[in-house]
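In the two assemblies presented below, chain A is common to both, partnered first by chain B and then by chain C.
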Partner chain A sequence: MSEITAPIETRPEEPSHTAGRWIRDNLFSSVSNTIQTVVFSAIVLGLLRWILGQVFSEDADWSSVATNLRLLMSYNYPTEQFVRIWVAAAAIFLMLGLSLGAWGIDPGFSVRRSARTLISTGVFALVVRLLLPSSTPDAIAMAMIVIGVVAIVIGGVVMRAVPKSSDRRVSFTAALGVMVGLVLAVVWLVPFGSYGVAEGERYAVPGVTVASSTKVPWTIVLLLVFFAQILGRRLGVSVGSVIRRSIVAFWVIGPAFIIFLVLRDPSFDWAHVWSTDVPMAAAFALGGGALLYALGRPGRDDLARVVGALLLALALFHWVAAFFGWYPMLQKARISFLLIALAVLLVPTFAGERSARVRFAGAWVGFMVVLHWLITGINTPSTLEISAPPFLGGLVLTVGIAYYVMLVSFPLGVLLSLARTSKMPIFRVMSTTYIEVIRGVPLITVLFFFSIMLPLFLPRGMGISDLAAVFAGYTVFSAAYMAENIRGGLQSVRRGQYEAADALGLTTVQRTTLIVLPQALRVSIPNLVGQAIATFKETSLIAIVGGFDLLRIANSTIPNQPDFLGQKRPGLLFISLVYFVVAYTMSKSSQRLEARLQAGQAR
Partner chain B sequence: MSIADQALTDDLAARRDMIVCRGVKKWFGDFQALRGVDVTVKDREVMVVLGPSGSGKSTLIRCINRLEVHQEGDIVVDGVELTNDTRNIEKIRSEVGMVFQQFNLFPHLTVLDNITLAPIWVRKKAKAEAERTAMELLERVGIPEQAAKFPGQLSGGQQQRVAIARSLAMEPKIMLFDEPTSALDPEMIAEVLDVMKDLARGGMTMMVVTHEMGFAREVADRLVFMESGDVVEVGTPEHFFTNPKEERTKLFLSQIL
Partner chain C sequence: MTDNPNAASVIQLGGRPPIWRNAAVLKWTVQFAVLIAVLGVFWFLIAEARTNLSAKGIPVGYDWLDDPANFQLAEGIQTVDSPERRLTMSRALWVGMVNTLRIAALGIIFATIIGVIVGISRLSKNYVARRFSSVYVETLRNIPVLVQIILWLAILGSLGKLTADTGPIPGWIIISQKGISLPRVFLADGFYQFVSLLIVLSIGIRFISRSWRRRQEREGGDQRVGLKTFGLFVVAVVVSWIANPVMGFLGPIFDAISDGWGAIPQGLMQTLLSVVAIGAAVAWIKRFLNSRRTPAGMAKLIDDDWFRMVFAGVASLIGVWVLWRGWPGLSSWMVNSGSDFWGVLGDKFGDGRGAMPFDAMRPTLSEGRFVNYGDTGLTLTVFYAALFLGLVFYTSSFIAEIVRGGILAVPAGQSEAAAALGLNRSQALRKVVLPQAFRVIMPPLGNQYLNITKNTSLGIAVGFSEIVQVGQTVYNKNSQTLAVFSIYMIFYLACSLTISLVVNSVNRRLAIVER
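On to the complex of A and B.
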């Protein structure tokens, strides 16, 4: 065959066009294009000028933000307990770094592309310098020029050094290192200003860097991300599946521990946990597990039924006794007795070989541990119940609510969407009704309902904290939208996929979790991230039901402080920046995730 | 002699029944796709189903592993009757391999994972063992070097061979082929047919819906000709290609050959 191969022509070199050429071709190619360019540049520059004027106006007292940074971050969280928030943050960032490394599939960044970004950043800095109002401090004007020139020079040198055809990439680790380094340099070097405390009042100290109590923990946390990423990459190579499974387990179980860490009452009674809760959980888990294992042996079906019936009678007797108050017993003991009775009655269905019995008994042990832990957690006094003044707010509240709402509403949304596309009419109708009702009601209404109306419907003696009520409201709302996003993905999975899965003998559950959902969720990523960003921003509605989130602090708390009366602008600009940075990060990471998943299965 | 047993040689007649269809009827809405089909496939037999489009041949083999539900008649696969009992259906499906016209590989999984998925989750095999078997099967269909790729990176012929390997990984007793080469570019048809011929020689019980007459003539033990949901004629390849009995068969063969 080789002799008939046509000679391969090399592709002609593309003319290397200069920046001037590019500008002419793309911005001033025709009269109408020139007019558009001029008009829209004027609008954009004018807008930028106006924003800069707001930022550096003489009326804007930025010490209102610098002094209140702590308020904006965590509101009234007791200072001496701050270490708990930092530990929680460190845990999350550590696992984030490990995850980034252990999967290690990020292809890094193209060198030329990064250089181009650097140059545009530099140009932007110089433009900003030109538009700065005269009231701007000289140091900032100077910094803009330095940043602009340095960025353009570095970018230009790299562009010259790396040939156009090169696809050299900066590794993700290196890029992360640069980012962490930049943030740390800014935190340690730039004199944002700080605050001091005299006679119980906070006052601004301009011209110094951020307080050590802020920058030291941030340094530790950011370095953790960096080194965890490297460690994760190493571990990912040597013990890949183990480390990846552990990380997934952390992301599933971790949040519950973290919320416990942040919210539990400082004077928490560990003695009761060790003397009562843990032994009781262990007794039911291990005793029940052993019983189930023993009764599961083939041929003991009748014995299991008799024991089950006896246990059921005993369990019901406990409830009767509780009703008449004959003898004291913890409610969870009664619940556990009832559950073990039901489990024993189920034994004949699951009995069989050793492995089947081990699995059944194991499931019981796991279930008991989780159940007792949850019951204990619910009954544990937490700082949530400290009614006034609200102690948790600011960025921690905003991020926390958004994070947990997404965490809980995502699986709910998956279930709802599956129910809505299910063949079983009862599920379909229930799910459709739920989704349509929730989507037809404004979020504020849902939040009011949960924070004001819900407590009225609860049985007497049962309360729900404001935070939990708001959280429930957001979750209920977000789940409906998630469900619709995922349904779009489900519909994109072709029928042949279902048939192929069926033809291989997969059960419906296996078909859904192994074949359908992975494909559907992949398609839904852009919409799901859009929903996540929306949820993150909508947390600002907590303010109307009494929470102190970023917006409320910037819009009403700070302007009411005697030192900063009426100072709304800096705070609002600051929180806009915070919202933007978080939302933009989410959006960018989702784009990278999508690109990566697509690269794997190019059609 | 019923139509289902037509053209049975003594050798075939002595074998065990693997698939038995008796009076199978199937409606899509008001449209009757199958009008009482009687077919028996014997152990290690290769049966090729022919017919114009819309004749119900795909519907018939899709009924055999219950991707479609027939409304009347009986289907018995390897001694197990198809009913609404889900456990029965799953058992039959795990023992009947199916190859589709559109391959239907799982696009989010690598070739290797496509093949090992069912053995691991349905047969509860250890991962290492399943992967070893999968590599042997890829060897057998001639594309072991593609194991780590995703289906979207393979040609149609390669994808269909992966699909066959995926079905074989379940060690099925019966293989159903629903127009396996109809979606392929002409130059890729041969590579898939070669794999199927190999399988037939290895003694697999196969039921194949196809328009590949060369394959039918060379490999089939018996041919079934269907039209409008009816079995018109059953016979050996020799009988079909030299001396078909029915007018409709003659007409169809004259159009296609």
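On to the complex of A and C.
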């Protein structure tokens, strides 16, 4: 691993030139080059001036953003319950730090390159200071000068201290430490001015730092990232594969736990949980696991098929009984019966020696536990008091929707792409039609269709919340694109792989899950990350169909507040920055990931 | 396999497997089961929707298309509700479609120009150009296009107030917080005759140009064929501009076709379509059997092949059933709309058509506002401008990346060879590198064009009257959601198909001709 994480940057350091020589070569080498320099410099300076004019224009009231930061991040979450949001954030940041460490992420910051970046940042800050419009507050103009001078001085000192040929690198832990330290310094020292709501009145105290209720949690969370990264690095060396698998498991199901943590009131009916939910889950998980383990012994294929068929008949009978109302039964019991029947029918495919059976039975147990827990969670009512419903909103909604859409549409996309590349004509035609129709229409029509038509399609008496309908539509839309991305990977798997799998006597399911898909998914990872970025950006469309996401809050909630009537530009510029930071980070890390994958493929 | 305890179930060579172990049977059973399940779910959902809709007293169908619209469109061509041209629902939707295409076409042109410039300057030797372009691309493509559009709307809203002499050229171009107004060119009465005459002349020019080209290939040298052809074309445009009433004779011909089409009885149409359906199935089966024919005679057909043939037959029979029993109205609808189509064409060439193919007008203001309807300039509202700017800048950042990738995909040896031949940098770029890069660029570029077309639907967020926004107004008025959504789908699928057809044909022309 370590030689792969070593710098991908293979371009040799440019031969050392004086600054004058560099300027002549890169800016004024020929007439056309000089013209380009002049034209583009004019464009750059003009644009920068224009953007600064927009940011610091006289009628832009940035306190509209500062006051509403909490609204933008988590919408109407009750203040007294806010500790839950912090716990959730701490969990996510903890796992983020662990992941960074466990996979040994290290972009490899070269000391000289970092110093050069520092110097150019300083120059940029000074240029910005020169172009600031006259309406800018003095503090910001002063800060620009300070930042510029300090950055140039530090960068220059480092450049002098480190010899030109040196390829010394800053360790990632140190870089992370510096970043955490800088953010903490900003949170604790910079006087943003304090804004908030006390007893229904909005107050603003200029010139003080962030409130303690915010900066203390931020300090804890950021320190967690830092130390978790160190811990993850240690664990990644000692128990690498275990810790990495656990982290992946967390990222897949963890967010569901977090939603539970954030939405559910802890004071629900524990008696029902202990008397019914837990025993039922245990029975299905353990009984089913034992059954699968026993039937998976080699030579019991036909027995497994018979048992599976009987169980399937029993499960279907439960649904028929439910339809006619012969006897009561919990819906999740019916679902579990159906699932265990299907699992038993799959046994011959995954049967084999002990470790294979243990794995299959173990997967079943894990699946049952998560499923039952989720169903229980959904059935337990939330008793949080919300002042203005919908209380899911802001950045939380944006990120949450994007995450779950990707998570749910992934298996759908795999199925669709398999169907599209399969040799079975009806499946192929159905899947192709679906994919092409969905890809042919804009997302907004799909979202409208689901939010308006889904309630009409449902039988009377059944309802669906707006957000759920939109989520369903977005998933349906995303699955089509996902299918196309995965199809690209499937087509890159060579014919010989299929033939080799057939020659080994693998069944179609085994060939697909064990040979073809792992290779295909590996190839399509860069495209999938690209789609994740697109999904994240396009969650902004939820604002049009009625969700209170970042855009909706910045574009209509804040400008309608009596204190900030019509203040759209600061909010919109702020959320542009938020979107940019998240999407840019994702795309940069995806480029790095791509390079790593290519390095891994090279022989 | 030898120690498989279920040896009894191993199939004897030459025998047929039992039916529950026959892969072909199982495959087709599963496929049909899933197909029936999916169709069943759809049928159930549509039935539910119908009951739910009729419970609310909303009729299902397309009869509402001829109802008067009773709403005003903020912008668009020919939105006037006059006695001779009522603004019906269908007309409103049509205006929406035209608006969508208008902004999509303009957006495609501008995004391509900006994208190509930025993409090339990302590879420039000049440091400022390189850095500027990469910051441009990274910034614009990482901010959602909807946020950009709304941000533009907010910025444009802070421009100057609207008066008759706001803007760079008073009276001709107006730029204000209410929008932009330019002199407008529009299609006048003679347009269709002009275009048809131009087409006729262009065919002639094509023949002449081809013979010139042949001569050039025979004799060598640069005989400026392209320039001469262009000159001829300009002459043809002038000639058709002046002489377009010549084509008036087409009107009666189209009217005659329209009458003849309308006279087709429904039964004949049904029979014709049925023949087409069955003929297609027969042709497919024949071709399929032909593909199974080997020099040694007919190959043995496996179960899978039989299923395929039966499926083709059943599909065509279902088509015939739909034509005669399921939806008999389909045939008469095709007869009527075909006749209408030719009738409309006939009207366009009818008598009394003027001689001018185009006409122009200047922007006008009345009571401090733009005149939305009637004889005025081309008014681009601030909504149009916001949508346009957002789409163009966002998409141009993607196009820039595509262009850069395409140029990088051309091997360095090509530009070195061009330099060795004595071409300078811009010549090498134009004559050697870009033509080859186009092959790589074209497919993803087509995708971006499709994205622009689809993203115009975001106009709904800023109130621009494109098809989705007009459609929403329509179904808010009469609750015909299902019908409106079907119109959306057909319109966008038609756009996608057109763009991919164009891109594919360009691709074929660009493809390397292999020996």
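Methods note: the second predicted complex is superposed on the first by the 435 of 603 C-alpha atoms of A that agree within 3 Å, B and C clash if a C-alpha of one lies under 4 Å from a C-alpha of the other, contacts with A are read in each partner's own complex, and residues count from 1 in each chain.
Keep this in mind: a contact is a pair of C-beta atoms (placed from the backbone, for glycine too) under 8 Å apart; a residue touches a chain by one contact, two chains touch by 3 or more.
Note that the structure is predicted; figures quoted are calculated from it, not measured.
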item: First (chain B), second (chain C), both or neither touched by A:Leu418; value: neither
item: Partner chain(s) touched by A:Asp59 [first = chain B, second = chain C, both, neither]; value: second
item: First, second, both or neither for A:Ile515, with chain B first and chain C second; value: first
item: Winner by number of chain A residues touched, once chain B and chain C are compared; value: C
item: Touched partner set for A:Leu506, first chain B, second chain C, both or neither; value: first
item: First (chain B), second (chain C), both or neither touched by A:Ala102; value: neither
item: Contacts of A:Gly496 with chain B and chain C, given as first, second, both or neither; value: first
item: Footprint overlap on chain A, where chain B in one structure and chain C in the other make contact; value: 505
item: Of all residues in chain C, those that touch chain A in their complex; value: 1, 5-6, 9, 27, 30-32, 34-35, 38, 45-46, 48-49, 51-53, 55, 121, 124-129, 132, 138-139, 142-148, 150-151, 154-155, 157-158, 308, 311, 454-455, 457-458, 460-461, 468, 472, 475, 481-482, 485, 488-489, 492-493, 496
item: Of all residues in chain B, those that touch chain A in their complex; value: 65-67, 90-91, 93-98, 100, 102, 104-108, 117-118, 121-122, 150-153, 166-167, 170
item: Chain A residues within the chain C interface of the complex; value: 26-27, 29, 33, 36-37, 40-41, 43-44, 54, 57, 59, 299, 301-302, 424-427, 430, 437, 439-445, 448-449, 452-453, 456-460, 505, 533, 537-538, 540-541, 543-544, 551, 555, 568-569, 572-573, 575-576, 579-580, 583-584, 587
item: Chain A residues touching chain B - in the complex, by the definition given at the top; value: 494, 496-497, 499-507, 510, 514-515, 518-519, 522, 600-603
